[in-house]
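One chain, chain A, links the two complexes that follow: it is found with chain B in the first and with chain C in the second.
Then we have the complex of A and B:
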């Protein structure tokens, strides 16, 4: 019997892959950065003394800049009190960036979770029932796939309004088709397994079989895809926010900050640099992880190890 | 035979395939007595598994039921709604599969799967269900039931997994257990143990067994009666001993010859016998008797019209070689 086809061993294979990956330097770098950023995001309110969204200073007059004062009110180069400097409204940039990381990670996570949930529902239903159900669901998926992601997301945000939830719903709706296809592909394999037949023979209903047997055995590739897509989702969110169709002030957001900083590129280098670095790290780290995982899981590229 | 528990009458089933219509069963009859083990023997592709799946109505979408009845304890299963049928499955009829290593869901512990089956089929939960599950595991001769309960399927050997499957299949005290090649995927010593276990359990609990196997030797070992299937026909049926020791149908004789016999030291090595040829393509079945292209005793009449059953007591054979064979 072909052992590699057994789902138990595909789980074990994933485990083995993760063990191999833990010795992979690039993967390790990716994980370290993600953990670092996650800590920043989660503990943002406690990591800076400037309160919610870094706005603690907004109420007070513009901070006095030791050293080089800038001609623009509020902007102040990095000092000990403000390691990343301050932004145009005089708020501490480090606090803003940390809260921005928090926003990015939250939206990124929400987007891939929403996409996974919709994708699972559509993909598993299509795979399990087959026939015309499959046909209809997969053609709808194709329609969604045929739009350029960002354009479709823009349209949806324009309809439901720019806000935290607007962005997250828009991106989730744009993102699910890939998950639906992935879930369907895996579920088609799982569905032919003996334990599904055994469940049917034991009198289990369709819903029960999908939830208890197909779903848990189809999850592995989707988890990988979630890690892979986090970086892109975060980038897409920053893009929407940059265009003014994303998160609204006063919520700190890296995309919004980069947008605001573009007027001061020549005068306040820190304003664009720090949000930019953190956005870069977010996308880079998730892509490093996703990239290495994909390469290890791809049998055609096994020569890489 | 005792009173029949299951009566399949005039079952007609066909498949829509890319190469045309495949008419597998053309009026199949079969009885399984109460407390009896009926061995269904045949090559791959003979339709023996399909017979099992048509009884519990789990056929692939391209199968078409064209008539006949499957009566279990007075209920015609072919007339039930899908919802009613779901209650029959897992309660009145349960199944054990060929490959135990894939028949358990790999992501759940044995415990979770057993308790789920117990809850679904007999509506017992919690501590009571746990006690029941442990008892069942002990009953299928698994030592250290508690450890097994906490194991994932891949931590168990094939033989142990098959015992778990049998335990799960018997939780609801079914009337009929369908065992689809239950020992094909385990090694020879385990095979004997599993068969003995099944035999002991059915004596204790009184359920009937439909044992599907490609090995007529295995069938003889544990069956009360044997039905030999060839290309969708039951070509011979009767008491296990009689079918094997004094086979009537040439196909059965061929199968019996294939049983490897232990040989004494002085005997010369002989090759294992086979039945020459292969199962015909049923989208274009041979005319007349479906076995005639492979039959050593083929006669002209076999090529033209399908034989009827020769009958003697409970035995019958589908062949022109015997009196009354002419339909």
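Then we have the complex of A and C:
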């Protein structure tokens, strides 16, 4: 039996799924928006002349805008030089939003990767050893699932402190149960297949079997779940930052910007509008992709939580 | 297995999950910080305070004893004293909870009332234009950040059009101080109605229009999707085809026969959505400056709600942990209620 070919066949199935999906209009829209936002996030430093701190407070004098009261002079409505206007400290809002997208994508990615790693470790261990190990690990997973994500993350951030890493660790730690269940379910199937039994008969150790055979063959559904969860992770991060429990100023963050915009709502509509639109596009595009993928994989279930 | 035994088993499972939840909060609060006494004492506790807290929580005793004290306290309803309010955490939560639950219940109900018919329509026209349109809207609703949506609704309806109040808690409170309501359930809206204070009821209801819209769009999207999926599954069943062959009107098949069988899976989500909207209420109470509930406590408890200066205020740990435990209890109870509803609809699941 050619053991090494198993992961390839699993990947080929994923490739076929992607080809079918590429003909789906909504999926296509989702991918286009994600690519657009990824380009903005990655190339933010080169896309705007202002830098993440809007060229700094001292470098550019606070712009004076005709017709805007002096006490909010930092806030300028959109002009050609500042397409999204400027925010409370006179920084270019477009630059801030672009760097905010960068922060969102970074944390979103970190969160799902951390959640996948924890989930894989728990799920594969549970599936491979079975018995009481499985029982205990899965009950712990149930307990974590019975908690609303944000509330648990809130508790963790309150303990370890609000920061970029605080919010990333808190969300990663609460996000793994779904991944653990997926990995366990898939690994339970893989475990009984002949090539695993053959490896066992050939004297391969437990660790080797998990890493060489069960892990690569359990990855495909997890990759789908990661794409699905990116949107929700980004939303959760922005929510925590909005509550003051996530990324702290002066780092550009969409949730923080939306929080700050509330104090100027009556005069500066652009300050609330643009960060929110980009946050919405981030969540929407990942949800669109996730929705179409799940619809294709299991037409009876549409994967919105 | 009979129904009684099944219900008892589910109830026991709920208790196990709750004890597990308390264990998790225990480990988070007692093991992670370097000195839990300082952690529970707020930002700058005096040595006497640290001494008192160490005694109270038994931090100088073995871990199993600390856990015993913690478990005993939580089970007897002693969630500690809030640092910022200087009041028992449980009393604060019980005072805020009715208002939060009212908001969650109204928005869940509205999402169900609108979402289920829309989901049925989407299933009836699966693959057609109506279906695609509803899908785009429901995915869009699910992706809307609630804290941002609330702000934008305020911008449009209160600031630009001026047809609804922007943050009407103050106004409502002034009105209520002249026309007091009796405290019956603790929910301002329900109490105003029960005590016949129609002016107060109208004022509170008006202040809740935008929050309810903000809260119900997300569950609406989810319910449309799940109703559609569930309906599609039933519409493909043999008995539906048989009913069609017998010439039963399409309307009756959709809303009577198929719907009755498609409903239980949707109701599972209704329970989860009700519990989940507690999170949304946290944002919404903050954004709309509503009658204080759980959300108000969280904003206060994190000590960061007001300042954006980057300096973290003092975190009200007992309060935050208390809210987490109460939220987990609401989740567990909702799940239990969903189990009961499922048995009512389908006895087969108890086997």
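Points to keep in mind about this one:
Criterion: the second predicted complex is superposed on the first by the 272 of 305 C-alpha atoms of A that agree within 3 Å, B and C clash if a C-alpha of one lies under 4 Å from a C-alpha of the other, contacts with A are read in each partner's own complex, and residues count from 1 in each chain.
Rule of thumb we're sticking to: a contact is a pair of C-beta atoms (placed from the backbone, for glycine too) under 8 Å apart; a residue touches a chain by one contact, two chains touch by 3 or more.
Given the structure is predicted, the values throughout are model-derived calculations rather than measurements.
Legend: residue contacts after superposition of the two complexes on their common chain; A:245 is shown touching chain C, with no touch to chain B. In the superposition on chain A, A:213 makes contact with chain B only, not with chain C. By the document's definition of touching, of the two partners only chain C reaches A:148; chain B does not.
Contacts of A:202 after superposition: chain B is touched, whereas chain C is not reached. When the two complexes are superposed, the chain touching more residues of chain A, out of chain B and chain C, is C.
Of the two partner chains placed around the shared chain by superposition, chain B is the only one that A:131 touches, whereas chain C remains out of contact. Using the contact criterion defined above for the overlaid structures, shared-chain residue A:81 touches neither chain B nor chain C, since it reaches no partner. In the superposed model, A:39 lies in contact with neither chain B nor chain C. Chain contact summary for the complex, chain B toward chain A: residues 56, 58, 61, 86-91, 94-95, 97-99, 101-108, 116-117, 120-121, 152-154, 165, 168-169, 178, 185.
Listed in rising order, the residues of chain A touching chain C in the complex are 26, 139-140, 142-144, 146-148, 150-152, 154-156, 158-162, 231, 235, 238-239, 242-245, 248-250, 255-256, 258-262, 265-266, 269, 272-273, 275-276, 279-280, 283-284, 287-288, 291, 299-302, 304-305.
Residues of chain C touching chain A in their complex: 16-17, 20-21, 23-25, 28-29, 32-33, 39, 132, 135-136, 138-140, 142-148, 151-152, 154-155, 159, 221-222, 225-226, 228-229, 232-233, 275-276, 278-279, 282-283, 286-287, 298-299, 301-302, 304-305, 307-310, 312, 315, 317, 320-321, 323-324, 327-328, 331-332, 335.
The touching residues of chain A, when paired with chain B in their complex, are 1, 6-9, 11-12, 130-131, 193-195, 197-205, 212-213, 216-217.
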